[in-house]
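Below, subunit A partners subunit B and then partners subunit C, in two separate complexes.
Now for the complex of A and B:
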C-alpha cells in the first residue's frame, strides 16, 4: 500500500516527475547513442579494408603507410620500384597482389592508378566487394571509375570527361590526355568513395611528356601515339597483398621487411588500423566523457527536483509520521521514488535510442558510410542502465537524508 | 480506579538550541473513555506536549506513559510503533494524503500497526462501516482525497484515527477549519464514535466554548510551566 501511495504521489506530480524522467531519458539515449556511434565508427573504421593480408610500401611508419595507401591521407615518402613489385608478386606464397599508384589528383580528389585486380580483391565491411552503380569498370586506357562521393560532389555522370592534375592541389593539369568516366561505384563508406581510379598504364600515359614534375616544353604526344607505346610502370606507391594461406602471412611480412634490394615495409592492415584508432580514438573517448557528464547533470537535476519538492511535501511526511511511519520509511520512500524515476528514465532512454537508430540508420549509412546495427542491448549497455539507476538511488540519498532529518525534527507537527 | 490511557508525570523538556526555554508538566492523566479538552493559546507549548505524548520527541526528565507503556524508555522505532498501535491522530487540516484515495488514507495507520490491523478485522469492511457511521457517502471511498470538501476530509481523518480502535485519540484543533455548523456536526460524530468504542479523546483547542461537551477541561497554563530566560 505504501508502494501504491508512493506511486500515487509520483503521479500527482506527473509534470515535474515527467520532465525529470525525460531529462534522464534523453541523457541516457545520448550516452548510449554516442556509445553506438563510437563502436559503429570503430567497426566501420576497421572495416575500411578487409581481406587484404599485407600492405606493402616503401619503408616508413606503419600508420603512415596505412594512411596514404588506404585512407589517401598524406603522401608516400618513396615509391616501390616495379622490379621489387614484380619480385614480390612472383613469390609462391603470394596469392594475389594489387598495385597502387598515387600522386595525381582531380579537383579535391585523389587519383589512384591500379589494376583490374583491385576491383576483384579489395574488400570492405566484412568482405563486401566493390560494386558499380552505373556504367562499367574501365576497359580503355583513358577510362576512369569514380567513387560515389566524387560523382555526387562534382555531379559527374558516365561518359563525362575528366582532366587529371599533376600532383595534389596543383595548377598544372594533364590537359593533353582527358579521361572519360566509364563507371561510378556504389557508396562504400570507405576512402574509395573519394577516389578517382584509373589503370596503372594510364598513370604512365599521362606522364609521357613530363619530367621531374613539369611538362617538357613543346612536347605533346597525341593520345593515339601513347596508345601504341609500351606503358610499363616505373614504380608503385604501395601494393595490397593476399597470401595463399594465412599461416604464411608473417613469413611473407618478414621476407618483405628484409628484402635486400630495396628498403620495404609490409604491414598487417588490422594491426595498423588498431594503432591508428589508438590515435583518433582519443576524440571518441572525449565524446563519451561529455555524454557521461550529461547523464550526471540529469541525475543532479533529479536531485534538485527532489530537494525542491521536500518543502511542499513536509505535510505529507508529517502525516506519514503521525500514522506511525519511521523516519527511515520516509527515507526509503524518497530513495524508491528516485530509483523509479531513474529506471523509467533509463528505459525510456533505451526506447528513444532504438527509435533514433531506426530513423537515422539508413541516413547514416548512405551519407557517412556508418553502419549502426540495431540489435539487442549489449551487456555493456545493460550495465550502463543499471549504473544510471544505481547512481539515481545514490544521489537521491542526499535529499532523502535531509528529509529524514526534517521528519525527525518536525515529527508530526508542521504548522504550515 | 479507571485505567489511565495517558499519564505524564514530572515531564521536563528543553527545546534544543534554546537552553533557557523549557516546558514542565507536573501531571496530566487521561482515563479510559474520558474526553478531555486542553485549552491553550498558541505558543503555550501545546504542540510540544502533543509531540511528547506521541513520542516524536523525548522528555529530558519524567515519564510519559501511553496505554500502560512508558514511552521514554523505548527506542525511536518502538515509539513510532507504539504511536501507530495506540494513538489516532487528527490534525487541524490537511490531514490527508491528497493523491491517495479515501480508503488508502483511512487504512494508512494499519500499515504501521500490525496489532491494530488485526483488531480492524477486514479493513475494507471496516472502512465502509466507519464511512457510514461518519456520514460519508460510499461513493467517496475510492475517490481521491483532494476531491473532497474540507468537512468531508476532516471526517475521513476521524475515520482514520478510529480504525482498529486505538485507545487514545489526539486531536489538534480539528474544527478550526470548519464553520460553526460543521463544527457542531463534526463534534457530534466524534463523540458518538469515541463513546461507542470507549475511546479516550484528548483534544487541543484555543476555543473555550467547546468545553461544555467534554468530561473535563484543562487549561494549558494550569498543568504546564514554560520557563523563559530571565523569568
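Now for the complex of A and C:
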C-alpha cells in the first residue's frame, strides 16, 4: 500500500524526481569513475613490468628512471655509456641484461632499440611473455617489431616499409634508411603496444650519416654499406637486469649505485612503483574526497527537494491523516520515496559509468596508455551503492520527521 | 664477446687517468635500512644504521668507554634474531652474521678494492684519500654507519609473514627502519616506525 502510494507520488512529480535522480546518478558515476581510474591506473602500472629485478640507468631519481625507461613518461634520463653497460653485464651475479635505447620516434610512437633478449626476458602482467601476433621477431638490421597499437593506428602490416625519425618530433626524418616491419606483437596493455622496436645496432645505423643531430648535406650511405659497418652501440638509456639469485639483488644494486666510473642508479621496480604511489596517493585521496563531497551535495539536494515538496503536499498529507493514516505511515512513505530516488540514482549512476567507460576506454588507452577493464562491479563498488542508498534514506529522515510532526496541524489550517 | 672483453680491458685501464672520485651515500640520523631477500629456505638480510642511532656518537672512538660501546654494539648487532623478530612459525635460524662499524671514507676505499681497479692506482692517490679521511676524523665531521650482513635458514619460509622490531627497545636513538624485501613475487618497501614496531608483510 505504502509502496504503491510512494511510487504513484513519485510518478506524479516525475520532473522534480527525475532531476534529483539525475543529480545523484551523476555524482555516483563520478565517484565510481574516479575509483575506477585510480585502481585501473595502479593495476596497469603494476602489470607493466614483472620479472625484472633491477632497472639500471643514469643517476637520477628512482621514479624518474622507472617512468622514463618503462613507461616512456616524463623527462629523459641521461644516457649510460656502452662501456658501463658491458661492465655490468659482465658481473657474475647478472643472469641476464637487456639494453634499452630511447630517443627516436616513428610518427607519434617511440622507437626503442634493444636486443633479442628483450623478447625473451620482458614480462608483463604476472609473468606473461611477449607474443608475436603476425610475422617474426626481427633478425635483420633494418627489421622492426611493432606494438599492437602502432599497427592498428598506422594500418601497418608485416613487410611494410617504415621510416624512423630523429628525436621525438618528426621534423627531420631518417629517410635514407627505410625499415621493414617484420613482426607485430599481440596486444599487451603496456607501453610496448605503442613502441616500434628495433635492434641496438639499428639505432646506430640510423645515425651513420648524422652528426650532432643534423644530417651531413649530400651524404647518404646506402643500406648495404651500413650492413658492412661495425655498428657498436654508443649508449643505452637504461637496462633491465635479472639476477642469478634474489639474495644477490641488494649487493648488485649497491655495487651499481657505487660504480665509480659513471654515476649510475639501480632501482627495484616494485619499490620505485610504491614510491610513486606514495607521491600520487595524496592527490588520489583529495580526488576521492572531492568526488565523495559531490555525492553528499547531491544527497543534500535531494533533502532540499523533499523539504520543498512538503509545502506542496501539505493538503495531501493532511488528507492521508484524515483518512486514518498514522503519522508513522507518512514518515515511512517519505523515507521510502527518498530511498527509491537514491536507489534509482545509484543504479542510473552505474549505467552512466559503464556507458562512460565504453566511450572513453579506447580514448584513454590510445592517448594515456591506461586500460580500464569493463567488468562487473567489485564488492567495494557495491558497498558504495548500498552506502548511497542508505545515506539517502537517513538524509530523508529530516524532512520526514518534520512531516510526521506537522502533518495534521499544517494541512488543516485554512490559510494554505 | 671478444669486443666485450677488449672493452672491459679498456675500462679497467681508464681509472689510472681518472680524477679522484668523490661520492657519498645518503645518511639520515634516526633512520636505518633493513634489506631482506628470500630465496627458497635462505634468507639474506643486511642492516645499515647510522652510528648516532646505535651508540649515540659518530666521531672516531678515542676513549676506552667509546671503544667499549662500539664493541658492545657490534656484539648486539651480531645477534639479529634478538633485534628483528621473524615469525616463530617460519623457524629461522642464524647461519652467518657479520657486523662492523664503517665510516664513509673507508667504505669508499672498499668499493675501489672490490672492483679491482685500484691495483695500479698511483700511491699518491691512496695517500690523498687517507689524508682526507684523517682530516674528517679530526674535525669529527665524518659520518659512521654500522653495517651488518646476516644469512638465515628458515624451515618454513612461507610462514614468514611478520617481523617485530625489539631493535627500537635496544637502541633508543633509532626512530625508523626502512625495510625492503625481495621475494619470489617481487620487491616491496615498508617503513617501520618506533610507534608501531611490527611489520606485516601481507603475504
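One rule holds in what follows: the second predicted complex is superposed on the first by the 234 of 416 C-alpha atoms of A that agree within 3 Å, B and C clash if a C-alpha of one lies under 4 Å from a C-alpha of the other, contacts with A are read in each partner's own complex, and residues count from 1 in each chain.
Following the convention adopted for this analysis, a contact is a pair of C-beta atoms (placed from the backbone, for glycine too) under 8 Å apart; a residue touches a chain by one contact, two chains touch by 3 or more.
On a predicted model such as this, the values are computed, not experimentally measured, just so you know.
Applying the stated contact rule after C-alpha superposition, one finds that A:9 touches subunit B and leaves subunit C untouched. Shared-chain residue A:247: touches subunit C; no touch with subunit B. In the superposed model, A:228 makes contact with neither subunit B nor subunit C.
Of the two partner chains, neither subunit B nor subunit C is touched by A:375. Across the interface of their complex, subunit A is touched by residues 47, 50-51, 54, 56-57, 76-77, 80-81, 83-85, 89, 91, 94-100, 104, 107-109, 111-113, 160 of subunit B. Per the touch definition, subunit C reaches subunit A in the complex via residues 3-4, 7-8, 10-11, 14-15, 18, 21, 23, 25, 35, 37-39, 42, 44, 46, 111-112, 114-115, 117, 180, 182-184, 186-189. Note for the complex: subunit A touches subunit B at residues 1-2, 4-5, 8-9, 11-12, 315-316, 318-329, 411-413, 415. Residues of subunit A touching subunit C in their complex: 50, 53, 82-84, 86-87, 89-90, 232, 245-250, 255, 258-261, 263, 268-271, 274-275.
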